[in-house]
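Both complexes shown next keep chain A, but they swap its partner, so chain B is in the first and chain C is in the second.
Now for the complex of A and B:
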């Protein structure tokens, strides 16, 4: 995806450094994004176009474990935290997609003890 | 200044009423049909089924100072679910410009759910979390909140 190349996207992903099968873990993902609602007006009275992240997806070892559809009511710099019962370790893939062809992907390793 | 102070005082006065109403609601067995865009958004998620009360929990402060970033949690326990699985949870609001807040979808292995995020609230209003289970039943929890500083309006 070639859109929005100029600004570096900042993310913060928090997950346990290691875990074991059967454990319930919390995964917390935050991304820097204005989440412009499309309902606000600028100084000249013009409606500012909507610019939001519409979807956040998380896969573990190639399997979708969580998806969030987001709407303008989600605060700027959206933070999504969810819990997952660990069955397998592997690569966690985080994908944010949205308006103006926004796409950002992060990868982390979920280590099993 | 005067009017905002009055709103705060009115808001604080209304709080015990809201809490009482919430408790009465939580002991009921059926939800009242919600009206307007709010009700329509609920029924869009449930494909026309009136959700029942229970199983799911929506946690949010009932008195909110700043509507720009309001922490919310939705959760559903394994015990409340079994043998069904949780498929999706929708979060809907009554009086923002748009009723949808978020829809969360869970993997096929999910036996319980817990999600936390931060939302915007334009004004005092109701919020509802609705869960869709694998047996195609729908469960809800509605909370009424008072917002003293609104989001969405100020630039």
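Now for the complex of A and C:
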């Protein structure tokens, strides 16, 4: 894997274009990340240091609506899908944090009809 | 006389009791099996060729069908960004010359490798992107298999979805195509195996735990679950060469492009479904 310094983080986020209060929606968030387990060795036999996302959080209008802890067994480029019963619209904030001081934040607007 | 008869009924009753929990499974209604890429066009009826898609598990098929789940879309979106973004101030982006990729790149991925006039030889899509960078953007070529190159390739591949793979009709490509066919059928490597021995003679059978596909390049670049990454046809072929313990064909080299060209010709008319997902 070519380790370009400070590579752009790639994400895919899927949510309904608009929704209603009371509706159950599915939100999917995928992020490009190697999720290196820390158990593998490279070609020279050296242990490759662990580099995983440790935590995923989602906030809606400042209120936390979903949290997930991630572990070495989770694949590269993890997709996290979860459901949420909509009460209010507003800004969705997605935050991934992990090893090597990794942090990435994405923002999307959840529109209420 | 009564004792054996009683015994017989007891045995029958015991057997029925034993079968009871199994029978609901056996009588399970046949669930509609996936019919391949049902939202796209498919190979003509009677055509024995099948995309590797059809041999995948339903879960993996679902990953490919739904762009919201297909991890290759990470590369597609990144390629789209590269397409639009000028590499530097005063420099031209891909979009500055080629404009809207949906029109200008439609069908391109389904018609590569193609002839390059300047080099006087066939080149694959990744090579073509690099030539464009070097000749028109005056940039260094991207590494074969790098995420940037795969991103552009995936974004261009996206514009050919659902179209048919083009047959090789350009006469200038004939010798490379024939060379590719030769390489496909030639026994190579320490295992002394040809591509054709697996992919022509034993498709559908198992090699280790996996089903041998017919080997049609219908979905490249692919997101391969085993790689945990996107990869090109070149990478896939290099993995096969490692499998038979053969000398590697370098990316962009004559042998590799000849093989890719032959594979395109062999898959002509099949629907292009890239960027796909493969196990």
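Everything below uses one rule, namely that the second predicted complex is superposed on the first by the 108 of 113 C-alpha atoms of A that agree within 3 Å, B and C clash if a C-alpha of one lies under 4 Å from a C-alpha of the other, contacts with A are read in each partner's own complex, and residues count from 1 in each chain.
By definition in this document, contacts are C-beta pairs under 8 Å (C-beta built on N, C-alpha and C of every residue); 3 or more make two chains touch, one makes a residue touch a chain.
Please read all numbers here as calculations on a predicted model, not as lab measurements.
By the document's definition of touching, of the two partners only chain B reaches A:43; chain C does not.
More residues of chain A are in touch with B than with the other of chain B and chain C.
Once the two complexes are overlaid on the shared chain, A:32 sits against chain C while remaining clear of chain B. By the touch criterion stated above, A:14 is placed in contact with chain C alone, chain B being left untouched.
Within the superposed three-chain model, A:79 lies in touch with chain B and with chain C [touch as defined at top].
Judged by the document's definition of touching, chain A residues 28, 75-76, 79 lie at the interface with chain B and also at the interface with chain C.
On the chain A side of its complex with chain B, the touching residues are 24, 26, 28, 37, 39-43, 63-76, 78-85, 87.
Listed in rising order, the residues of chain A touching chain C in the complex are 2, 4, 7-8, 10-12, 14, 28, 30, 32, 34-35, 75-77, 79. Chain B makes touch with chain A in their complex at residues 68-70, 93, 96-98, 100-107, 109-121, 151-153, 155.
Interface residues of chain C, counted against chain A in their complex, comprise 68-69, 71, 73-75, 77-78, 143, 146-147, 225, 228-229.
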